[in-house]
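For reference, the structures are reproduced in the following blocks.
One chain, subunit A, appears in both complexes that follow, with subunit B as partner in the first and subunit C in the second.
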Partner chain A sequence: MTLIRKHRWLQAMILIAPAAIWGAFFIVFPVFDAVKMSLSQMQYYHLVSNWTLENFHTIFSNSLYTDALVRSVTRGLIVAVLAVALSLPLAHFISFRVKRHQFVWFGAVVVALWLGYLLCIIGWRLLLGRDGVINGILTGIGVLKHPTGGLVFNSVAVIIVQTHLAMSFSFIPIFVVMQRVPHRLMQAAADLGAGRWRQIIEVEMPLIGVGVTIGAVFAFVLSFGDYLAPTLVGDPGSLGIANLAAGEFEHGLDWPVGAAIGVVMIVVVLIALMLPPVTIAISRWISRTRLERGVQHLAVPTAAAGDVAAR
Partner chain B sequence: MSRRLLSKVGIGAGIAAIMVFLFAPAVVVALYSFNKSSIMGWPPDPGTLSWYSKVFANEAMMEGLENSAIVAIVSVAIAIALGLPAGLGIARYEFWGKTTFQRILMMPFVLPGLIGGLTLLTVILDFQFELSLETVIIAHATMLIAVVVIQMAVVMARWDHSLEEAAGDLGANEIRTFIHVTWPNIKPAIFGAALLGVAVSLEETARTTFVVGEQDTLPIVVLSGLRRTLTPQINAIGTVVLLFSLVAIGFWSKFGAADLARS
Partner chain C sequence: MRIERGPKKSRSGAIRASLLGAIGVGVAMLVAACGGSSGPSQAVARAGNPKACSSLNLYTWEGEAPASLLKPFEQQYGVPVKVSYITSGAESLAKMAAGGAKQYDVIFDGSEDTLPMKEAGVIKPLDTSKFPEYSKLFPFTTKTFEVGGKVYTLSEDWGKNPFIYSTNVLKTPPTSWAALWSPQLKGQVSLWEDVSLIWIGASVLGYDKNPEQLFHLSQAQLTAIKNKMLQLKGNVRTVWNSGGDLIQLFATHEVGAAQGWSFIYNELKAKHEPVAEAKLADMGAQGWAEGASLSSDISANCEAAAYEFLNWTIAPKGAAALAASSGYTPSNPGAATYMSKKLIEQTGLNNPKAFLGSAIFKQALADPQAYNQTMEEIIAGLH
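Coming up: the complex of A and B.
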């Protein structure tokens, strides 16, 4: 006991050891095991570990895989842009226009986004289906003569569902950084004669850049890794790389190829996750150079931008 | 004046459209769970609770719910047992590799569920383990540790830890300090994290499909139903789960998110 009391590092070790051991077994080791499996091959229904790059060669030389990879990345980018484009005005509205009950608005949005994967998909199927709500309303007001089946089971429906799912990951970081934009800064810009759009672009945007990047990256990662929406609201042409990875295991086809796709996906996601630290560095660099140039009307907001970024 | 009014109306309409986009799926799911006809067509015809009684008599669904409850409770317990001390260690001590340790614990939360499920499955296949409820619990607990550690970081950053030092100066050892000073301060946040964890676990689908065995959890039962056809029963159970997680989030925001807002 006295030994433990004397050495703080021993106390720290005791506290973190359980989680560290769990993490070693169930987070780190599985990744290495997936890498090892991706370098193995399936021969006569048996895994043979022969350290070959054959599976990666298969993935990058077969257009089935490369097309799916390109499709997933493209869709991820579209979903990221849409999720941010919807989150920004909503977060701005709640932060700067709503005077009372801001927390109620925020809570309502979080509640709406807390639908979960499957309920969100069910909801959109009921909305977009041939007998669905949107068809019903459109035929009711005479926009459509007959209900159309063209709203669901295509790649647009996948993008809609994924954007809805991704907004829970993009809205919150954007809202959090907007809460930190000082209202008096916007007021000061207005007093100095900046119009509403100029206030948003020159004062607000530099301050929230990091939150927007984090929101966009999370949205991209969600869409990129999602294999449920394409199978439940998409068509065969909307299946992405995640579906191929899941399919290799689900149908017991070729585990090593599935593992190799998983490894490729991990690399893509890790590259995406590098973006926020890079933007923080860039926004710091910009605020420093602007300060050095001594541009008066930009110095105040960008100094604060560096401050927010530093946090 | 009229231009101002016009822009106000425009902004209002835009925000209203975004809110409709956000709320429409939830509203529709709940609305059709009361639908009289089993065909969920237009217009909706609410006015029956029969789907609720049917779903509670549906054996597959109820078994799924039971399995989900077991998974949620056990994995949350594991996540707290591991994440709470780890959070304390991160907040109170400096040690070699701390940033790496934190990043690794966050990985399952940041990476897509597919990656978590897939990598765990390769281990299971490689060592020829049985797929079972235990493997699902491992997958869920691994993800929930991140939730507990994040909550711990937030709550430990908030309160004044000179209180702990004072307890130490007054002769309390680390264990007594934890029981009498630290725990009462972090209890609400941990309770909140536990509820949030249960809500997350109840709806986890992406990694569960990889590691689930014979005993399906509720989302897996719903998913296999969805692949065939939609029935209002799914809406009914979905509405019940949604209401439960809303209550859970309500509690979490009362106990846990208050810290988040303050930080």
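Coming up: the complex of A and C.
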């Protein structure tokens, strides 16, 4: 015990050890294994460690993989924008308009969004299907003569479903940061003559920027790596990069190419995860710059007033 | 390669009584066996005490390990059978190669998986003289599991992946896969996300005239198949990848034609859906056979137990119990004695040749990566 008390580095090691061991087992080793496999090759159904970049060359030289990668990234960005756009007014309403039992509202929203993943997808398929509720309404009110098959099994259906699934992940961080926005600031802005939109854009948005970014990143990551929604509500061309990775393991028996796709996906996700810290840095820089400009702005009239007084 | 299996059904206690006979023969064979310790590459069962096996670890498909199959064996030998389930043939190969050979004793695999498993060194050849019923099994299924003159997998059951269509959509029964290209099926087709969709194009282009060729298609042939399949654009509405998925697609009238599984067809018929199975002259490589293999790392005692267990699974009563659970056609025609008339007709055991039709059993692919890439290019190009 004395030894531990004596050395602070030992205390730090003991405190960090559980998290470090957890991280090593569940993050570092699996990722290392995936990277190692991506640099290997399959020979007669055996993995051979060749330390080759051939699998990455296969991915980036074939439009099958690059198109799927671009499709997944594009869809991820669309889903991120939509999920944030839908989460913002919802979070704003609960934070600023609901006066009592805010957390009951929050819980109700989260529970509604956290339905089973597969259940959500199948639910949407039934809703949008030929025999679905929407077709029933459209034919019932005479908009359509016959039910249409065009509502599901296309890219739009995939985006709708993924946006629904991603909303719980974008809503929570946005709601949490909105909780920290002091209501008096909004009130002060209103007192100074700012309209409702100006209050939101100039007061609320800068304060919730980090939560919005985190929500968007979560939505992007979920959509980017999603395997099920493109399969269950998409058309054949909706399949993304995650479906190709699964195919390499399931049908192609080419695990190294599958692992290489996985590594590329990890890199894309890491780039996405860099966004929140970058956003924080940028927003701090903007705040600092604004503050400095404000100080300068205030300094000029003060000096002028001083001159007037001297006269 | 199937992902979902039929529901479990309860078995009668009569199986337990009949087990004694089958096991008795197996025990006699075991006692007669006097082989010493042998390496994994030798098709000789090692001497071992089946009752000394602490547990027999079975790696099989869902629905293919019913209590009616396991209990009689467990009661006879006092050896518990621990079951793990496979979700795909490739997954089982991956698991076995990654150390599963030490974890599992008996593995169920398809005819297309036997060669990869043998090449990966995770299964060992079987001593077929230890199976009294072996000579009674359908020869057209047993030969699919032979590699280099050795048997690596004991044939258990077989079936085909039929052309299922809605009788509301297609009024005339199709006679060829070419019907999928019909304008009547615009926006009505669902394809299985599996390399077997390649064999639809191969059949339409006539490559199935030489069955062996189907598993060794050249790049030029694969390209020709891809171009042909891409002409299905407009007809293909979606791809499916689980039995439940296709059942729902038919039940909600989202699709009117698909390449499916016998299990799916039987489920749809049971739900009184208006579907029929097309009798095709060009089924191609849509036939499948599966069986049980022994892990290369199995212990001597568990190997002895495994031989007893396998003898029971292919004995008429054991095979009937398996068929009742899975809904698939047993490899032992003798199983019909213990099957209901309905099940016999459902599994095609009353006329196996007619049931199989022109279907060719799947084999290992010469270049799985090329097939997979062609499949992915077809699917990606169909939007």
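As a working rule, the second predicted complex is superposed on the first by the 268 of 311 C-alpha atoms of A that agree within 3 Å, B and C clash if a C-alpha of one lies under 4 Å from a C-alpha of the other, contacts with A are read in each partner's own complex, and residues count from 1 in each chain.
Note that contacts are C-beta pairs under 8 Å (C-beta built on N, C-alpha and C of every residue); 3 or more make two chains touch, one makes a residue touch a chain.
All figures in this text were calculated on a predicted structure; none of them were measured in a lab.
Participant: Do subunit B and subunit C fit side by side on subunit A after the overlay, or clash?
Facilitator: clash
Participant: Using the superposition on chain A described above, determine whether A:9 touches subunit B (first), subunit C (second), both, or neither.
Facilitator: first
Participant: Please work out whether A:122 is in contact with subunit B alone, subunit C alone, both, or neither, and reply first, second, both or neither.
Facilitator: The answer is both, since A:122 touches subunit B and subunit C.
Participant: I'd like to know which partner A:234 touches here: subunit B for first, subunit C for second, both or neither.
Facilitator: Touch status of A:234: second partner only.
Participant: Which partner does A:75 reach: the first (subunit B), the second (subunit C), both, or neither?
Facilitator: neither
Participant: With both complexes superposed on chain A, which partner does A:244 reach: first (subunit B), second (subunit C), both or neither?
Facilitator: It touches subunit C, and subunit B stays clear.
Participant: What is the contact status of A:111 with respect to subunit B (first) and subunit C (second): first, second, both, or neither?
Facilitator: So A:111 only meets subunit B here.
Participant: Looking at the overlay, does A:265 come into contact with subunit B only (first), subunit C only (second), both, or neither?
Facilitator: First partner only.
Participant: Between subunit B (first) and subunit C (second), which, if any, makes contact with A:27: first, second, both or neither?
Facilitator: In the superposition, A:27 touches subunit B alone.
Participant: State whether subunit B or subunit C is in contact with more residues of subunit A in the superposed arrangement.
Facilitator: Looking at subunit B versus subunit C, the one contacting more residues of subunit A is B.
Participant: Tell me the contact category for A:45 with respect to subunit B and subunit C: first, second, both or neither.
Facilitator: A:45 contacts subunit C only, not subunit B.
Participant: Would you find which stretch of subunit C runs into subunit B in the superposed arrangement, from 25-33, 43-51, 97-105 or 223-231?
Facilitator: Here subunit C runs into subunit B along 97-105, and the other listed stretches stay clear.
Participant: Can you pull the subunit A residues that subunit B and subunit C both touch?
Facilitator: The answer is residues 47, 122, 125-126, 131-132, 231-232, 249-250, 255 of subunit A.
Participant: Mind listing the subunit B positions that touch subunit A in their complex?
Facilitator: Per the touch definition, subunit B meets subunit A at residues 11, 14-15, 18-19, 21-29, 32, 39-44, 81-83, 85-86, 88-90, 92-95, 101, 104-105, 107-108, 110-115, 118-123, 125-126, 138, 141-142, 145, 149, 173-174, 199, 203, 205-206, 209-210, 219, 222-223, 226-227, 230, 234-235, 238, 241-242, 245-246, 249, 253, 261.
Participant: Within their complex, state which residues of subunit A touch subunit C.
Facilitator: Interface residues on the subunit A side: 42, 44-47, 62, 64, 67-68, 122, 125-126, 129-132, 149, 152-153, 155, 231-232, 234-239, 244, 247-255, 257.
Participant: Quick check on the complex: what are the subunit A residues that touch subunit B?
Facilitator: Of all residues in subunit A, those touching subunit B are 5, 8-9, 11-16, 18-20, 22-23, 26-31, 33-34, 36-37, 47, 86, 89-90, 93, 97, 103, 107, 109-127, 131-133, 135-137, 147, 164, 167, 221-222, 224-228, 231-232, 242, 245-246, 249-250, 255, 258-259, 262, 265-266, 269, 273.
Participant: Of all residues in subunit C, which touch subunit A in the complex?
Facilitator: 88, 90-91, 93-94, 97, 116-117, 119-120, 187, 191, 193-195, 236-239, 241, 245, 248, 252-254, 368-369, 371-373, 375-377, 379-383
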